[in-house]
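Both complexes shown next keep chain A, but they swap its partner, so chain B is in the first and chain C is in the second.
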Partner chain A sequence: MNENTLEKRTFKERAKEALKDFGLPRLIITGFLLLLFILAPFVGADLPTQITNTINRFSWNAVMVLAMVPMVHSGCGLNFGLPLGIISGLLGATLSLQFGFTGPLSFLMAIIISTPFAVVLGSFYGWLLNKIKGGEMMIATYVGFSSVSFMCMMWLLLPYNKPDMVWGMAGKGLRTTISLEGYYSQVLASFLQINIGNLSIPVGALLFFALLAFLMWAFLHTKTGTAMTAVGSNPTFAKAAGINVDKVRMISVIMSTWLGACGILVYEQGFGFIQLYMAPFYMALPAVSAILIGGASVNKASITNVIIGTFLFQGIVTMTPTVMNNMIHMDMSEVIRIIVSNGMILYALTRRTEGAK
Partner chain B sequence: MNKNKVSTKPSRSIGELLRDNSVPLMFILICAVCIPLSGFSPSYLLDEIITRMGRNVFLILSLLIPIMAGMGLNFGMTLGAMAGEIGLILASDWQIVGIPGMVLAMIISIPISMFLGFVCGTILNMAKGREMVTSYIISYFINGIYQLVVLYLMGSIIPIIHNSIKLPRGYGIRNTVSLLEMRQKLDNLIPLTIGGVKIPVATFIVIGLLCVFIIWFSKTKLGQDMRAVGQDMQVAKDAGINVEKTRIISIIISTVLAGFGMVIYLQNMGNLATYSAHSQIGMFCIAALLVGGASVDKASIGNVFLGVILFHLMFIVAPTAGAKITGDSMIGEYFRVFVSYAVITVALVMYETKKRKAKSRAGEQLAADQAAEEELSEEQ
Partner chain C sequence: MGNEQVPLLEVRNIKKDFFGNQVLSDINFTLKEGEVLGFCGENGAGKSTLMKILFGMDVIRETGGYEGDILINGEKMNFSTPFDAIHAGIGMVHQEFSLIPGFTATENILLNREPRKGNIVAEIFGDRLTTLNYKEMKEKADAAIKKMGVEISADMVINQMPVGHKQFTEIARELSKDELKLLILDEPTAVLTEKEAEALLDSIRGMSRRGIAVIFITHRLHEILSVCDKVVVMRDGLVVKDIPAKDTSVPEITRWMVGRNVDNEAAKEEPVKKKGEAKVIMSIQKLWVDMPGETVRNVSLDVEEGEILGIGGLAGQGKLGIPNGIMGLYEAGGKVIFDGKEIPLNNPRKCLDASLAFVSEDRRGVGLLLDESLEWNVAFPAMQIQNKFLKKYLGGLVQWRDEQAIRQVTEKYIDELQIKCMGSKQSAKELSGGNQQKVCLAKAFALEPKFLFVSEPTRGIDVGAKALVLNALKKFNRESGVTVVMISSELEELRQTCDRIAIVSGGRIAGILPAAQPSEEFGLLMVSQVR
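For the complex of A and B:
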C-alpha cells in the first residue's frame, strides 16, 4: 500500500513537472484553440475552410518564425530585429521585379538577390550585437525600427521605374502595396496543391518550409551548429573550449537575417502582394510570440517549437474572428491577438532563465 | 579605482566631451542645416517651440524617476498615458468642462495609473536586467487591454451616457473624442503674449512645480534609496533597502505623472485620438529626452528642456526642409521618424558599450586584486 501511494505521488509529481515544462499560458492557448475548433461547426463556420485557412497561414509565416531559431541558439535572444531581414527580402523582391523576371523565376531571383543584402546587413547587425552583449533585445528592436523608417525614404528615392510598381502619377517612388499577379503569387502554394472538397493544402509551400527546417536541423548538428548551441548555453565555457564566440554569434545573426528575407518572400507568395513602407514594422512581434507559444524560451528553441507555435498562433488568428463573430457578433479578434501575443512575450521575458547574463 | 575617476574628471579631453554630447551636437547640426532651408520665421519657430514645450515637458519629466532608480527608460509610461485618456473620456462623458474637467480626469487617472504602475513594477522586478525590453512589451500588452476596455466594455458594462462619444453600434468609444470645451484651458488660464509669441504661463507653472517636486524628491530618504538601488542593487539590499518595493514605487510615481502629463498634452491638442494618441507618445518622449543629452542611466531636468527644444525644432523644420531638398514632402516626414528611432538606437548602443567597458574594467580590477591577495597569502 505504501508503495502504491509512493507511485501515485511520483505520477502526480511527474504530471506536475510535465505541466510546468509545458507552461500554463501554453496550456491555456492550446485549450482555447481546441475549444475554437470544437465550437466552429456549432456556430455555423465551415470547418474544412477554417483548417485550410489555418494551414495556409501556417505556410506563409512558418519561415519567419524559423528565423528566430539561430539567434536564440547562439544566446542573442529573440530576434526583434527581424525587420532587417524582411528589408533584405523586400529589396530582393522589388529588384527581381524591376529586372523584369516573371513567374516562378522571379521568386528564385528574389531569393538570390536578397542574399547579398541579408549577408551585408546581417554582418553589420551581428557586429553591433557583438558590441552590446547583454542588451541585444532592446537594441535589436530599435535597429529594426530605424532600418524600416530609413527604407521608407529609400523606397521613395531609389530609381525604380517599372510602371506596375511605382506611383502612376509621379512615375517614381514605389507604391505601398505591389500586386504579385503574374510574378510569384502562389508560386509555392500552387505547386502539388491537394484539393479535397473545401479543404486544400498548399503542399509546395509546406515542402519549402520543411526543406529549410531540415537544413536548419542538419546545421544544428554540424560542428558549427553545436558550437552555436554551446555559445548560447554558456559563453564562458564555449570560450574556454576554444570557440570563437563572436564569430559564431555573427553567423547566427546572418542566418537569422537571411531566413527573415526568405520568410517575407514566402509570406508574399502566399499573400499575393509586396507590402512596403511601414508594413514590416510590427512583423517581428507575431514571429517572436509564435515561437514562444511553441515552447521556446529566451535561450532555448527547436524546430518543433517553431511548428507547434506557428500552428497555434496562426490557428488562433484565423479562428477567433469567424467563431467570435458568429457567436457573439463582436469582432474581438484583434484585441485577443494583441493580448495573447504580447502576453506570451512578457511571460517568456519574466521567466528566470538559466545562464542569463 | 575611485581615486582614478576623481583624478581624471577635471582633465576630461575635448574628444571625450564631444563623444559624451554627440547626440545633442548632431541635432544642433541638423537644425542648423534645416532651419534656413525651411524658411520659417524665427517668431513662428519660437511660438511653435513654446507651445510644444508646454505640451510635452510634463510627460518627459515623468521618465526621470525610473532612470534614477536604475530601471532605464520607462517605456511603460504609455500605461500612464492610457490612464489619463480613460480619465478624459469619463470626464468628457460627464460633461465636466474646463479646468475642473482636467482636474477630474487627473483624479480618475490616479488609481488606474497606480494599479497599472504596480503591475508594471512587479513584472519588471521579475525581469531584472532586461527592464527596458520588458516595459516596452508591457506597453503593447496593456494597450490590448486598454482597447478591450474602451472598445468593448465602455458603453456595455461601464456606463457611458452621451451618444456623441459612443460608436453608432451602441458600445465602444469613437475614434476621436472632442475635447473642445477643455481645449487649451490650462494654457490660456493666465494669458500672456510677448511679441506675438503666446506663452502658456499656467502650464509652465505646473511644469515648474513638478521640477521642484523632482528636485525635492531626489533629496528625500526615498529618493536617496532609489539612487542607491540604481547604483547597485546588491549593495542597496545589504544596506537594508527594500529593493523590490523601491523599484515598484519609482514606476508607480512615473506612471501617475505620465497620466497627468497626458491630460496636459491632450488639453493642448484639443481632441483625443482614442486608439492612437498613446501609441507613439513613449517613443517621442524618450527620443526627446535622449536628444537632450540624457543616457539610459543618467538624466536631468536640463536634459528634458534642451531635448524638447532640439527635438521639436527638428520635428517642425524637417518636413519642409526635406520637401525643399528632394521635392517630396513625404521624405521629410519619414526622415523625422527615422531620426527619432535612430537617436534611441544610438543612445542605447552607446550606453551598452559603456556598460560593458566598465564591467570588463571592473573584472580586470577584481582579477588583479585577487591575484595580489593570492600572492600575499602564498607569501604568508
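For the complex of A and C:
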C-alpha cells in the first residue's frame, strides 16, 4: 500500500512537472486557440478559410521566428535587434528590383544581395553585443529602433530611380509601400500550392521554411553548433574548453541577422508588398513572443519551439479578429495581439531571473 | 574576580549539519569573564559555523538549526537572530567589513544607537523625528576608541581610512555597546600590517583586563600564543585540543590543526619511488596571477614527469591562482615551459592544445554545463579541442556530432567512476556534488591529457566520494603515466595522494617537501609568509 501511494505521488508529480514544462501561458493560449477554432463555424466564419489564413500567416512569419534561434543558443538572448536583419532584407529587396530582376529570379537575387549587408551589419551588431555582455536584450532593442530611424532617412536619400518604386511627383525617394506584383509576390506560396475548396496550402513557402529549419537543426548538430549551445549554456565552461566565446557569439548574431533578412523577404512574397520606413520598427516583438509561446526561454530554443510558437501566435492573430468581430461586433484583435505578445515577453523575462544563478 | 564558579560562556555538545553533511560534532568549551580564547583550525574545520551559531546568524536557522546548548552566565540561550545575541552581550567583528563607506567613524560606531535630542517637531510627530546629539555621540565614540587604546580619528570618513583603521572602527563599534561581555573577532588581523596587528593585540589585552571575554580566530598562531589564555584547536568539526596557551607552542598547534595520527599516517602510503633524476615536464618561472582573493605573486616550480605533485596552503594564499593562471582563466604573467616548449599565458586554447587539462575548483561556474546532459559535459572539450566524437561529411566540411560515440564514452566513465545517475542523458545539475565532481574528472580524462591540474577535487563532497575521486586520480596517474598537479586545502588528502607537496604562502612557494614529512613541517610552511 505504501508503495502504491508512492507511485501515485510520483505520477501526480510527473503530471505536475509535465504541466510546468509546458507552461501555464502556453496552455492558456493553446486552449484559447482551440476555443476559437471551435467557435468559428458557430459565429458564421468559414473554417477552411480561417485555417488557410492561419497557415498562410505561419508561412510568412516562421523564418523570422527561426531567426531568434542562433542568438538564443549562444546566450545573446532574444534578438530584439531583428529590425537590423529586416533592413538587410529590405536593402536586398529594393536593390534587386532596382537592378531590374523580375519574377522568381528577383527573389533569389534579393536573398543574394541582402547577404553581404546582413554579414556587415551583423558583424557590427555582434561586436557591439560582445562589448555589453549581460545587457544584450536592452541594447539589441535600441539597435533595432535606431537602425530603423536611420534607414528612414536613407530610403529617401539613396539614389533609387526605378519608376514603380519612387515617389511619383519627385521622381526620387522610395515609397512607403512597393507592390511586388510582377516581381516575387507569391513566388514561394504558389509553388506546388494545394487547393481544396476554400482550403489552400502554400506548400512552397512551407518547404522553404522547412529547408531553413533543417539547415538550422543540422548546424546545431555540428561542432560549431555544439560550441554555440555550450557558450550560451555556460560561457566560462566554454572558455575553459578553449572556445573563442566572442567569435561564436559573433557567428550567431550574423546568422540571426541573415535569417532576419530572409524572413522579411519570405514575408514580403506572401504579403505582396515591400513596406519601408517605420514598418520594421515593431517587427521584432511578434517574432520574440512567438518563440516564447512556443516554449523557448531566454537561453533555450529549439526548432519545435519555433513551429509551435509561430502557429499558436499567428493562429491567435488571424482567428481573433474574425471570431471576435462576428461575436461582439467590435474590433478586439489588436488589443488581444498586444496583450498576448507583450505578456509573453514579460513572462519569459521574469522566468529568466528565476533561473539565474 | 570572585564569581569564577559560573563561566561567562559555556558551549555544550554543539552539533550542526548542513543537509546531512556533519560540520560540527560535540563541541564543548567554556570561557570565563575576561578570558581570551584563541581559536584555530584549517579552513573548513568548522570555526566560522560555530561562530555563526554563537551569534545567532540566520543561516543556521534556515539550514535546520543546531543541536546542543549555549549557556551565558549559566543561563541557557537560544538566539534566533543576531539582535538576541547582541542583547545578551555578544559582539562580533566579521572577516568582511560591515561599515558604511560615506559615514564617519563616529556615525558608524553608533549607527542606530545614537544618543538623541528632543525637539518640538518630535514632541508632536513622535520619536522618529528627534535629532542626533552629535556632541554626545562624539564623546561616546571617543570613549570606545580609547578603550581600544589606539589612535584613530573619530571624524574621519570610512572610505578614506586605511584598512587597519576600518578594522578598529568595527571593534570600537562593538566596544561602545554597554552590555558587551563577549567579543568575537574573526580573523581581525588578516588585513592588518604587523604594527597594526600589534596594536590590536594590545587592545585585546586591554579588553580582557576590563573583564570582556574575547574569542579570537586567526591563522597567525604566534598571535594566539602572545595574547590568549587558552587555545582551542578544531579539525573536521571536532575540538581536538583545548589547552592553556602557556603550555603549548606553534609547532604543536599546527600538528593538531592538520594532522590525524601524525607520523605513522603518511608513512603508510609509501610514495612510488621515481627513477634517479626524473625529467622536468613543466617548469613554472616567476608566475604571477591576478585572481581576486587568490593572488599569486611570484611562483617558480618544477613539476617532474609522472609524479603527483600536491599544492597546499591556507585559503587566500594563492594556491588556486596557480592552475587558473596557467590555464588562462585569469590574467597572468611569467613563463611556463611545458615539455620543452613555452606555453603562452592568457590563452586557454593553447594550453589545451598542448595536452594540458584542468579540473576547476568552481564546479558549477566553470566545470559543468549544468543545463546540458552528462554526455555533453563529458565529451564537449574533447570534441572541440581534439575533434573527437565527430563524423565528417563532404570532405570534412561538415563535422557532425557523433551521438553514439559520445554516449559510449560517457557510459564508460559512468561505470569507471561509479557516477550515480539515471543515465547519460540526465542533466548535470541534477547530480549531487560528488557525482558532479566525477563528471568533471571524466571530462578531463576524456581529453586524455599528458598533464592534469586538479583543483580542490574533494571540496564539498562526502567521504565515500572523496576516496573514489582520489583513487581515480591515482589510478589515472599510475596507469596512464599522466603527470598530475593536485591543489587542495586539505593537507591530509595531499599527503595520502601525492608524491611531493608544495606549500604556497603569501603568493609564493614556501617550500616543497616529500609527502612523508610530518604534518607540522607543512603547517609551519603554511603560516610562514601569511600576510
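Just so we're on the same page, the second predicted complex is superposed on the first by the 351 of 357 C-alpha atoms of A that agree within 3 Å, B and C clash if a C-alpha of one lies under 4 Å from a C-alpha of the other, contacts with A are read in each partner's own complex, and residues count from 1 in each chain.
The rule is short, and it goes like this: contacts are C-beta pairs under 8 Å (C-beta built on N, C-alpha and C of every residue); 3 or more make two chains touch, one makes a residue touch a chain.
As the structure is a computational prediction, the values presented were derived from the model and not from experiment.
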Checklist entry - chain B versus chain C on the shared chain A, clash or fit? => result clash
Checklist entry - Which partner does A:Ala240 reach: the first (chain B), the second (chain C), both, or neither? => result second
Item to check | Superposition-derived comparison: chain B or chain C, residues of chain A touched | outcome: B
Next on the checklist: In the overlaid three-chain picture, which partner chain does A:Cys152 touch, first (chain B) or second (chain C), both, or neither?
Outcome noted: first
Next on the checklist: After the superposition on A, what does A:Pro321 contact: first (chain B), second (chain C), both or neither?
Outcome noted: neither
Next on the checklist: Just to be sure I read the superposition right, which of the two partners does A:Ile339 touch: chain B = first, chain C = second, or both, or neither?
Outcome noted: first
Checklist entry - Looking at the overlay, what does A:Lys133 touch: chain B (first), chain C (second), both, or neither? => result first
Checklist outcome for this item: Of the listed chain C stretches (56-64, 254-262 or 290-298), the one clashing with chain B is 290-298
Next on the checklist: Can you give me the overlap between the chain B contact set and the chain C contact set on chain A?
Outcome noted: 357
Checklist entry - Tell me, which parts of chain A touch chain B in their complex? => result 80, 128, 131-135, 137-139, 141-143, 145-146, 149-150, 152-153, 156-157, 173, 285, 330, 332, 334-335, 338-339, 342-343, 345-346, 349-350, 356-357
Checklist entry - Hey, which residues of chain A end up touching chain C in the complex? => result 218, 221-227, 229-230, 233-234, 236-237, 239-244, 299-300, 357
Checklist entry - Which chain C residues qualify as touching chain A in the complex? => result 327, 329, 348-349, 351-353, 358, 360, 362, 364-372, 376, 380-381, 383-385, 387, 390, 398-401
Checklist entry - Taking the complex as given, what residues does chain B use to touch chain A? => result 123, 126-127, 129-130, 132-134, 136-138, 140-141, 143-145, 147-148, 151-152, 326, 328, 330-331, 334-335, 337-338, 341-342, 344-345, 348-349, 351-353, 355-356
